[in-house]
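Per-chain numbering from 1; labels A, B, C, D and E assigned in written order.
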Amino acid sequence: MYFSLFNVVFLILFVEISGQSGTDVTDLLTALFTTNSYDKRVRPKSSQVTATTVDLDLYLVGINDIDEIKGSLTTTAFLYLGWIDEFLVWTPASYGGIAYFYIPQSDIWKPDITLENGFSKLKELGNSFINAAVTEDGQVFWKPFEVFESKCSFDTKYFPFDKQTCKLSFVVWSSGIQDVNVTLWNNGINLDHYEENSEWTVLSTAHIEASDAAESRVTFSLNIKRNAAYYVMNIILPVILLSFLNVLTFALPADSGEKISQCITVFLSFAVFLTIVNAELPKTSGSIIGYYLIFQLAMGTIVITITVLQLRLHHRKDPVPPSVIRLMKCLPFNKTSAVNSPDKNKVENIQIKNTEANDVETETTWSDVTSSIDFFMFWTVLSIVVISTSSVVAILSLH
Amino acid sequence: MYFSLFNVVFLILFVEISGQSGTDVTDLLTALFTTNSYDKRVRPKSSQVTATTVDLDLYLVGINDIDEIKGSLTTTAFLYLGWIDEFLVWTPASYGGIAYFYIPQSDIWKPDITLENGFSKLKELGNSFINAAVTEDGQVFWKPFEVFESKCSFDTKYFPFDKQTCKLSFVVWSSGIQDVNVTLWNNGINLDHYEENSEWTVLSTAHIEASDAAESRVTFSLNIKRNAAYYVMNIILPVILLSFLNVLTFALPADSGEKISQCITVFLSFAVFLTIVNAELPKTSGSIIGYYLIFQLAMGTIVITITVLQLRLHHRKDPVPPSVIRLMKCLPFNKTSAVNSPDKNKVENIQIKNTEANDVETETTWSDVTSSIDFFMFWTVLSIVVISTSSVVAILSLH
Amino acid sequence: MYFSLFNVVFLILFVEISGQSGTDVTDLLTALFTTNSYDKRVRPKSSQVTATTVDLDLYLVGINDIDEIKGSLTTTAFLYLGWIDEFLVWTPASYGGIAYFYIPQSDIWKPDITLENGFSKLKELGNSFINAAVTEDGQVFWKPFEVFESKCSFDTKYFPFDKQTCKLSFVVWSSGIQDVNVTLWNNGINLDHYEENSEWTVLSTAHIEASDAAESRVTFSLNIKRNAAYYVMNIILPVILLSFLNVLTFALPADSGEKISQCITVFLSFAVFLTIVNAELPKTSGSIIGYYLIFQLAMGTIVITITVLQLRLHHRKDPVPPSVIRLMKCLPFNKTSAVNSPDKNKVENIQIKNTEANDVETETTWSDVTSSIDFFMFWTVLSIVVISTSSVVAILSLH
Amino acid sequence: MYFSLFNVVFLILFVEISGQSGTDVTDLLTALFTTNSYDKRVRPKSSQVTATTVDLDLYLVGINDIDEIKGSLTTTAFLYLGWIDEFLVWTPASYGGIAYFYIPQSDIWKPDITLENGFSKLKELGNSFINAAVTEDGQVFWKPFEVFESKCSFDTKYFPFDKQTCKLSFVVWSSGIQDVNVTLWNNGINLDHYEENSEWTVLSTAHIEASDAAESRVTFSLNIKRNAAYYVMNIILPVILLSFLNVLTFALPADSGEKISQCITVFLSFAVFLTIVNAELPKTSGSIIGYYLIFQLAMGTIVITITVLQLRLHHRKDPVPPSVIRLMKCLPFNKTSAVNSPDKNKVENIQIKNTEANDVETETTWSDVTSSIDFFMFWTVLSIVVISTSSVVAILSLH
Amino acid sequence: MYFSLFNVVFLILFVEISGQSGTDVTDLLTALFTTNSYDKRVRPKSSQVTATTVDLDLYLVGINDIDEIKGSLTTTAFLYLGWIDEFLVWTPASYGGIAYFYIPQSDIWKPDITLENGFSKLKELGNSFINAAVTEDGQVFWKPFEVFESKCSFDTKYFPFDKQTCKLSFVVWSSGIQDVNVTLWNNGINLDHYEENSEWTVLSTAHIEASDAAESRVTFSLNIKRNAAYYVMNIILPVILLSFLNVLTFALPADSGEKISQCITVFLSFAVFLTIVNAELPKTSGSIIGYYLIFQLAMGTIVITITVLQLRLHHRKDPVPPSVIRLMKCLPFNKTSAVNSPDKNKVENIQIKNTEANDVETETTWSDVTSSIDFFMFWTVLSIVVISTSSVVAILSLH
């Protein structure tokens, strides 16, 4: 509708305009505003009973900023508004063929449309330096360019693979719907002038005429998706590496004297990453990645606890009681351990001896017990980490 | 009162309006403002002796931000004000049946109502772009939409399970109560347009006409509750895990050579969490969680001190004096320890020998002494941590 | 003075007002401003030779913020100003008994009083929405509510037990003292509307008429005291705990293999606390707590140095030279150590042997030497820490 | 064009001006603005059919700030605009020889040119305090000084050796190209007044008249280069040092008991540097230095893993199986190791013995195995680090 | 000049003023502005050929903030401007003896002087609330109080002992020098109202009339010096302590098992201090303290490398080859070491044995080799650190 209208204007323009001069414009402005005593407080309808219909389009220019913590979407955009001003109609022939003119927006009646879900107090659109174009049949075209900071509640459950839907709701604030009625012009959000944001991709847009009994309202919505690559590289990857380091604690022999060092350092690193992730997100729980980090923190505590108990056993100097030896034998892992061991013979010997003479306690030392625990825990924790991590990654990326 | 009034207006409107035109509106405005020489500095009462009564309602739209450190509550809200302007009365029949009109707020008299407990200098409500609606009988309806940053003193004792009460106090600033009197319209804070804040929940609202002898004032109050889930997950849970790691120091054998590493790392982690918690809160002491962290820091120091002394004993090479052995025997914990030990026989043997031959000092080594201390301290500190932590959690969540 | 004046106004008001109507007010305003061609640029004195005296009071409402680093005090307050406007005098009887009226502050002459020691460019007090009250005898009452950000140089020597004195200096900017003269009204800063700040307590206030030959000025000063509890809990207490941990290094036996770990970790923690304290304070040296932390850092270096040397000695395998043994014997601490030792016999034996056969060097090992140093240093450093810490705490809290 | 024009003005000035007085100026202004009823809303063309051409130059004064994360370039600059106002033409002789005058910019018609790709809502250029110069033939010269915050998408792939191209696009906002046509004056961005930015160097500038069918537009572009020295010193150098420390882990003997300490500390340091680098860059992946740090983090994990396995082997007490010994012999590195060893004889002996008697397992201990791994890994990892680091440095600095 | 002028005004004042009333002032203002139709757009010169000379002084009130990273100096100051307005001249006798009056700055012609090197768009000086004083002979005195944020490029080479020179350049923006000419009044920057900044000291000030052919300009410059005490205490002192700790690594015996811990912790601490120092400075390399820290970081790497190699040697179990023993003997340090050793006999014995029987390799162990390296490196690194640190301190403090 808009382009056709405007083209008509231009056609008229290049046909009719011939002898129009500056004086003609002055005469026209004087006639319309002074002689007719135009009052911009009066809605420009001959019959005040019917509402003035305002057509509205949103041209999105860019996404300035998205602040998940504050819950705000800051966009630059311009609105394209059009309506009929029945008091600004003239015969071009009488004024040297003038088919349209520009007039500062503050000189004419404007609908009091404003962003409803903003962060600041209601502001008038445009400013005194923006002109509106008026055509001979009273059509007014107005193109205020604005920065809109609108409220948007972010659901960061699937962070950093989240999709968000943010709304920009424009309402006629003071006038009732029986006076000013705002409707969509063409098809909602126009992305012709849109410049890509590097962090967020616009998936789709939508629009709705959401008027109710008392208020006239048009709502545009943006469906956006976070570009997760940065967070995958800088948060998820390091966290996965850390999880692996946590598992490695059980590969470290008790004699090295650095088991506690290793696992407590990894524990602290998880705490640091938890802080980094939390700084990105609003202070409401719910992100899977946050839960995952808490889970890893708990895993870290378990790893430390088991390691401490292992060391307690490792440094015992008394003989291993038969019950423990029997327990070790029963474990399927112990055998696997023996099989995997590069030194099969010795282990087999021990086992033979154990079956032969259970009371020969000196054969099985506490070191062997801790080794068994190491082996058992290594594969258990590794399984847990692999399963949990791959589940989380799957849920996040495939949701 | 408000809805009925407005409905009446609409009823009149859809009945009476018939031939009203733009010119009628212009005529009416000219008659009211120019012919009657309306002076917006004059309070619109025929008799200046009686006060103008202003009805006021607050429509809360959202909580933008709560800053505990600054002590501010930032809300978006609009006020609904209504009063009688005795100088804006007309007979609709004389003006084509016009029953109401819209007029920029700067063109008429307005009460000088303002937020009293704000952070900025007093500001006029609304702005030039907001219109007021005036009906034929002089009723004026005004709906200024604002962002209010009001002062609120936060009591963070029960952080993060705290409840806060914040006030928005509106006062007639320049005029005395004998001139302008502000009263509640309906029932205080209206939450019809309220959009939930993710961090805070509105529990209840209240309102009071708090005028005194000189000033007319209406105070609204918001009773809000923090959503603690985030803090439970990201502060309380890690702190509890750390407390447990602190206790584990005593489970770590002295021979591991990592006891000091463990407990000094945990000590530093408590200090880091103390910093994180403090960054969330105003710089006034008083939060239970802060005291709890200080308590844990002190516990950490005690754990380190005992561990250091243990190591001192552990590395002694001289025989254990009989007095220490006797002390160990007296301790109920020592026996418990012996019972719990997986190697009962040996310990019993030692004890039998001890009772038999007290002078056989070589039987009890310093390692046994430190083991006993470990055992005793582990259960003692664990009890303290469990009791203190569960008390704090109970107090916070059940207050 | 103010209350009496105003009460008189009210008395007059409730007696005289009888038939005053809106038209009377319009007539009065027309008479005063239009007919008399009131020019707000002209100082409202019949005789321009004498100065206009402006009475001034400051009603402190709250302390918004104190920024020690920027050196600013932000307060909300309102001024109460009164003066005589000789051109706004009327006879109430001629205007239906009107004894006073309200007028926007921009319509009348006002003294160009402004905050002199602010952070921003000079600003006019109040705004267009604030009204002044004018009584029949030309008295003008004006109550501009402002946020003042005034400069204040903070002396943080005794941080966090510091007291500060901040000034708010109001000056007549453009006019000379021979034209406009500002004086105190009642008694300076009024605290009736003051709401307590949680971090700072107002100890006392003062005021002075600080006019000089050319400029008329009134200065208010606030004497405030920091609530130290938060800093005691979160900075001083942890630092004291750290100092104690530093001392503990000497209780840790050299065989533990964690002496360096312990003291270098404590050293780093002091550095971290130094950073935290510095972030609170302006970048000028001088706070005792800062010096104390630097002192602790130096102590930490000394502890590390001695520990390193101890370890050097500890790991020597050659016999201890007699000179060192003699030195050890001379130290009074060695004997004290021996007395305190739970194993007196052995030590005494060694000493007997030493006195008997000084050349039996194998009896005294390097471990004994380091133990002696440990003992000596433990008590020395503990004394230094206790004395210095208690001195600092005493100086800070008792100054 | 500009300078010549202006010089002409001056020439005329110093020749013609003779009897011009203040009254002449007043008369001229009255004649032009009041008598001719100048309307600044009317485009100053006698024939409204042809467009008004506006010449435009940009004088860059400085680069205030470049924010890669926000994607903004903030510059101070002034525009030099010139156009013909056909309604401001006079005969100097009639007005005492006045050849030019200054007039506040708000008093005349101005083209509605504005920065199109800014961060804020469209703003009028200049302000009321800036004057335009008007010459007798209607030429208007206008020099608005502005701070422009323009959008710029930064490609930080080669950070910190990146070059960026940022645009400042000026458009005639409300009027169509058939009404106002903006063209370049001289040669685009003038750097005469440019003051060097310490962090960025302007390599070159460009300009283009980028008008389309509907809108008239001039685009200036700045080609800037980051001064990398700071980042080389403070990020790249420390990271290279850290890489080297990572390699050193394999030089550290397993017996030292500090291998894990070393490599896990280096791993954490890489994580810290990753955080520092990320804080400098927008949250989109793509910088080579970021990928390099992730690569180093992965290398760190590999180093830790191998070290852990080494320690596992090192602490084995069973004999080394012949297969492992054979594997060791096959490795070319083992021999090299022997050659480099300061104790050639012994190693050669072992090798002789090995070739002689392969079953003498006691000769080769697990320590020898870990030593071989150390040797092999040291040179492998060193090669990888040197090659990758030098590649990255080469790509960054030579791109 | 100013004070004398003003005193004259006052003298005249107290002599002549006698019967002047408010009406006289009104009459005078009417005569000057209305009757004479004063046009503030017209430069107040009877002859427009000669330029209007504006005298200018700068009264510095305070330094609000210095931001080295942004490169800005924020000052509060007021300008004292004076010029002759030939259209505001009157005969006091005709107006009851009025010798001067105050007039809002917006009512008269003012020179369009502005800060040229600011961070914001050009702003008009003063505001509507500031009055100018006009005397009977047309002298206008104007005192606009401002906050100036001026650009200043900081040379932080000698940080924190740096001296900076910042300029405030005031230019007549729109008018050419042939119309308005700004000159210095008295002697540049007046410090009578200056309040000391706690971080920076003003060393000296300068001023220059820097007009060129087209523009009239006055430049004031401030020569300021940073108070280094804070940085000495909190950055330089801790860094020196750290350097010393780095050296101590070589005093730590290899057997302690904490050499790597010590030197890698110190390395990380240097990295942390590098970050702290960098946060204070603009992102351009060049500060000596920054280079010094990088140097220390490199020293740390060297220390770690040597320590690692030492440990490699230390843990060798094969005999020391004769070549190494010979190398050790050749070193002058070895002997010094022997002399300083508290156990001379043994070392001498070894040396005797060495000279006697060079092949008795078992006498010299690898521990002795690492001890020698320790000794050699300790004194070498200590020398380097002492020399480099004292050089840096000398350069910084004595430049």
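The rule is simple: a contact is a pair of C-beta atoms (placed from the backbone, for glycine too) under 8 Å apart; a residue touches a chain by one contact, two chains touch by 3 or more.
Quick caveat: nothing in here was measured; it's all calculated off a predicted structure.
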In this assembly, which chains make contact with subunit B and also with subunit D? A
Residue numbers at the subunit D-subunit E interface: does the shared fraction exceed half, giving same, or fall under half, giving different? different
What rotation angle, rounded to the nearest 5 degrees, superposes the C-alpha atoms of subunit C onto those of its identical copy subunit D? 145
Can you give the whole-Å distance between the Cα centres of subunit B and subunit C? 25
From the mean C-alpha coordinate of subunit A to that of subunit C, what's the distance rounded to whole Å? 41
Residues within subunit B bordering two or more other chains: 257-258, 261, 265
Chain sequence round the ring, subunit B first and subunit C second? B, C, E, D, A
Touching subunit C in the complex: which residues of subunit E? 10, 13, 17-18, 20-22, 24-26, 29, 62, 64-65, 76, 96, 98, 102-104, 107, 127-133, 143, 145-147, 195-196, 198-199, 227, 229-234, 237-238, 241, 244-245, 248, 251-253, 255-258, 261-262, 265-266, 269, 272, 276, 342-343, 346
Touching subunit B in the complex: which residues of subunit A? 37, 39, 41-49, 70-71, 86-87, 112, 114, 117-124, 151, 153, 173-175, 178-179, 257-261, 264, 267-268, 271, 274-275, 278, 282-286, 290-291, 294, 297-298, 300-301, 304-305, 308-309, 311-312, 314-316, 318-319, 321, 323-324
